[in-house]
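The following pair of complexes shares a single chain, chain A, combined with chain B in the former and chain C in the latter.
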Partner chain A sequence: MTTVAAPVSPIPFRYPSPIELELEQLAILFAQTPALAVYPARWLAIQALEGDETMLAEIESRGGSAVTAALNASLERLRASYGDELDIVIVDHRYRFVHDVATRAMIRPATPPATLSDRIDRIVTHRWFGIPIFLAVMWVVFKLTTDVAAPLVDWLDSVLSGPISRWVVALLGMVGAGGGWFESLLIDGVIAGVGGVLAFVPVLLSLYFALALLEDSGYMARAAFVMDRVMRLFGLHGKSFLPMIVGFGCSVPAIYATRTLDSRRDRILTGLLVPFMSCSARLPVYVLMAMIFFPAQAGQVIFGLYLTGIVVAVGVGALLRRTLFLRQPATPFVLELPPYRLPTLRNILRQMWERTSAFVRKAGTIILATSIVVWLLLATPVRGDGQFADTPVEQSAFAALAHAATPVFAPLGFGNWESSGALVTGLIAKEVVVGTLTQVYVGNDETATAGDPVSLSADVIEIVSGLGAAISDVLRTLPGIVGINLNATPAEPVNTGLATAIQASLATSSNGHGALAALAFLVFVLLYTPCVATLAASRHEFGLRWMLVSLLGQFAIAWLAALIVFQGGLMLGV
Partner chain B sequence: MKQTSHPIPLRFVQQGARAKLVGIQSSQRMSRRLSELGFVPGIELSVIADSGSALMIALGDSRMAIEYPLAHALLVTVVEHGAC
Partner chain C sequence: MLYQILEILEQAEQPLSLAELSQRLQVEPSALEGMIAFWVRKGRLRDTSALSCGGTGAGCACNAHPQGCPFSSAGPRVIMLID
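So, the complex of A and B:
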């Protein structure tokens, strides 16, 4: 009796015989060429026949002329029967094999039923409903980040400027360091600057909650599909939409996200437009100013700013396409869409935590450093007879430096030194604008820390009951997302002392058109030069030249846009 | 309706219809890219949605968005007409 050992083939599937013959010959040849030994011989042969440019170059440079000649002879013989479709035939054969295995192993209905995902897509990505649905989703996101987060922002702000500040003063008093420059540094520098920014953590938490929900559910890829038509206005396509959406969170990861795009032209063009997508660092500035100047329409003003950013990006995209990128066509749009999935709470919380903690770390480092520098400049008298850490802000070094920048902003309606100074420090990080405004204006506000002595227990009660009230306010705003307003009165603007100071100051700088100047200021903050972190990312990815285009171009665009808003508004008699 | 034997570009296939891919008319580079994504002759596909600039295609278990010019390059025969 003879037993036939089942042949165990190392390659369970073979290409059609003419291709297989050439593959085997080439594989033997490559295996005998020591310089090509780093690659698996059969794999390299397949790549060569498929026409992979990188590997063909490798074979030519490492293998030498004899190997290249043999390869070309193989290709020549195969082209005789397959023509230019050789690569398709090879790939096709692999797919047939996979398909064959799958059909034998799986039982499926002859006509695949439409999945739930497909049925959702018929509505969500509908030719006419798709974009309105997308805009409605975005509207809910902005309501969530403004109205819903606002009561919590108010609460955090009152805790930081009330009990926390009082505790710091009391503690310093206990160790005998009260009343001096150190107290001023902590209260007017650190708490006013860093705290002013940290108070906006609830805004960011709700933004990151919304972004995580959209990403994890699979909607983001649909948005790219739906927005492809709109992205074509920018000279880009749907794939560039993903970095753009990331840009609403932060420009830095958005610039790195351009790496997923297929051509350098698309990467640079997208990278130049990403900073016009209003990042979350700019949101605190909008929330602060909108609550002071437009308390009843804060949501609409902020939504309008986001739209303005998009519209300006469309314009700049069209301009760049007709100038710097004239001779470079776009690459085709192909995108695989994942099925819809139910996001898990765990994943969403993890993303919210990761992104928000990055923001808090920034508050602990770059924003803290800027706040201290601004405080030092504010504490140093250059005029008058004030002492260090006890000088009127108008006579400080900060005021003197900021004064030098005011002529640039005067035609825009905010040529006061406070705004100019805040915009300059905002180059370090956009949220610093809020920190600096708080430092500059609350420095004026003597009542901030000189309150009546309150007991610790009273403070704790105030904090807890304040939180309770804030949460109940949040719950009452939720129906407002779909248009039902249970809050008869709008939320109180952040820190009334700060609000009155900013209102008075902008009213003066604009000859009584404070609200218009505030709007011009917001448009400027939206569009002006990206923060240093974004510029660094831009230089890293695209080089110094494109970074400078971004830096100077955006300053010019912001200045012009704010000029149009302010002077145009004056002409229209707003 | 019965199967039409005449190949037409995928771009003109109605939403909901099912079709069989018979060929790709594109640059070699793009043809290769498309076949790597699963667009190989003989495969059945259907049009799920049309955004106005791109089509969403069901291709086995995957869903692909492809722009109109590429949908012009994919030649198909209609297997079953969609409800339109």
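So, the complex of A and C:
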């Protein structure tokens, strides 16, 4: 605690003699100039010597040439002694004076008493405990985003593919537009594509809730502090991790956040690493595949993917630092560690709303447009005797185009046209992978229930009771985050028909090693070429050459990593 | 006083917290803020309390929020030397 000591004698304040001399002369001159009398003369002289541009202009315009000449002469004399740092000397002198006064007037304890934040920081930013705590926090975040959100995803998906689809079909039937290509566009294009992505809104809400909680509580800054050590271990600048943290949300602002780094080489290096951090757009893909293939370990799988992203980023960064970007001395920095505080509900809800609404808007623009293009390609027959909007998907233009990409993915275990096509459309935006998979497999699904006649009241009851059951499951799942099992019903894989189709497809393309192929697919999605918006940001910040490095380099790394997972798994007999 | 901030930063081997810097200089955090602001104005320090996105295009989530990117706030405030 700081306390005020006994009365102290007045302490005169004076600048160094040469400055004081010029100040006195200028103050007299200004005081004798009526046009400048509106300003306190000494204050104006100080401002002039400090180089305050506004006041210098005032002196020049009001004081006339004689005053300006005198001022310039003073500045010349002082610059001879202080160079260009005259203003720094003046300001520094004031700070020294204030510090001197404060030191004489106040008694400071040698060691300031530790606040609650300090005590928490001793553990959270501890040299050895910091990293495990960071990993534990990440673990909880991903348990929250998968296990807890799963029942709501399941419910939302059933609402979109059930009642909503039925209502659209019924409405189209009422206006005489049912059964044709327009119905197919809405059901198989818009609802399957956009709805398939929107079903994952609960997952993103959970992630944004967790991120807001970490930011608002003050932990996020500690995570950067802790990760700095890891980055330095591998020869990287700790500052690089700061844009990477932003990358957990979205790679585009993370690319722009590299502007905070000093050198262009550091900015480029970090810009190349940022897309390895798993952005929130990839989360729906992880959740879909993890819930289908690893329902009991979905949280662990997703946590592992995020961790893999960090490890690959650090590894690639270390490699680049020793080759293309030869090591430069690290420049330390000051990181604000704000005091821990209880997050406010208002702030958390605001952040959740802003981020989720950005996602929903994206679904209404780029994801909608891509879904329509995919539907058009799926609806257009290129072989067989099908007609527009009434053709088996295997005979569609989309299948024909996607087939061309399958040889690239065949060694990775997911060389089927459905996955290949979804990965290609995922270049537009990562969420589109889910939308395309839904469109492709819904088009194949003979048991789709959209057209089944069910009454409106039964639909409403289904929606409300389904929501009640989902909320009940969420509440029972919550204790599971900390290892307490209240017999929560495991969430059903998203859309049983879709799950079965994806399982069968991957089992075929991998000769019966569907789970291994799914894992390789997830690793590929984690690491492959960033979306077009990120590439555009990369080109804007670093130029075409580095954008191409990012595009091709990440594809190569993702391909190699997926190959290692699949072929390595086969060799190990997984 | 002012130069000490730059010296400490130049000699530091790991990131410092504002509280640590304030303790080393034996100045109140509020006074330190003023000193940092001075160096930022002089172009010797960079303060990243506000990261801007600048993203464009329909694919950018930031584009949906003209008032600012909702993801930018994820980064903590950093003060660093400018070479």
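Note that in this section the second predicted complex is superposed on the first by the 451 of 574 C-alpha atoms of A that agree within 3 Å, B and C clash if a C-alpha of one lies under 4 Å from a C-alpha of the other, contacts with A are read in each partner's own complex, and residues count from 1 in each chain.
In the analysis below, a residue touches a chain if its C-beta (ideal position, glycine included) is under 8 Å from a C-beta of that chain, and two chains touch if they have at least 3 such contacts.
Keep in mind that this is a model prediction, so the values were computed, not measured.
Touch criterion met: A:Val226 reaches chain B, while chain C stays clear of it. Contacts of A:Gly309 after superposition: neither chain B nor chain C is touched. Contacts of A:Gly317 after superposition: neither chain B nor chain C is touched.
In the superposition on chain A, no contact is made by A:Pro202 with either chain B or chain C. In the superposition on chain A, A:Ala536 contacts chain C only, with no contact to chain B.
Of the two partner chains placed by superposition, chain B and chain C are both touched by A:Val91. Of the two partner chains placed by the overlay, only chain C lies in contact with A:Leu211; chain B stays clear of it. After overlaying the two complexes on the shared chain, residue contacts for A:Arg122 are found with chain B alone; chain C is out of touch.
By the touch criterion defined above, A:Gly63 reaches neither chain B nor chain C. Between chain B and chain C, C contacts the larger number of chain A residues. Overlaid on A, the two complexes show chain B and chain C touching the same residues of chain A, namely 87-88, 91-92, 95-96, 99, 112, 118, 221, 224-225, 228-229, 232, 238, 332-337. Residues 50-51, 84-85, 87-88, 91-92, 95-96, 99, 111-112, 117-118, 121-122, 125-127, 130, 221, 224-226, 228-229, 232, 237-238, 332-339 of chain A touch chain B in their complex. On chain B, the positions that touch chain A within their shared complex are 18, 24, 28, 30-38, 40-43, 48-54, 56, 58, 62-67, 69-70, 80. Across the complex, chain A is touched by residues 1-3, 9-10, 12-19, 21, 23, 26-28, 31, 34-36, 38, 42, 46, 48-49, 51-62, 64-65, 69-83 of chain C. Interface of chain A with chain C (complex): residues 87-88, 91-92, 95-96, 98-99, 102-103, 108, 112, 118, 211, 215, 220-221, 224-225, 228-229, 232, 238-239, 242-243, 245-246, 248-250, 252-254, 256-257, 259-260, 262-263, 281, 331-337, 351, 354-355, 357-359, 361-362, 365-366, 369, 428-429, 531-533, 536-537, 540.
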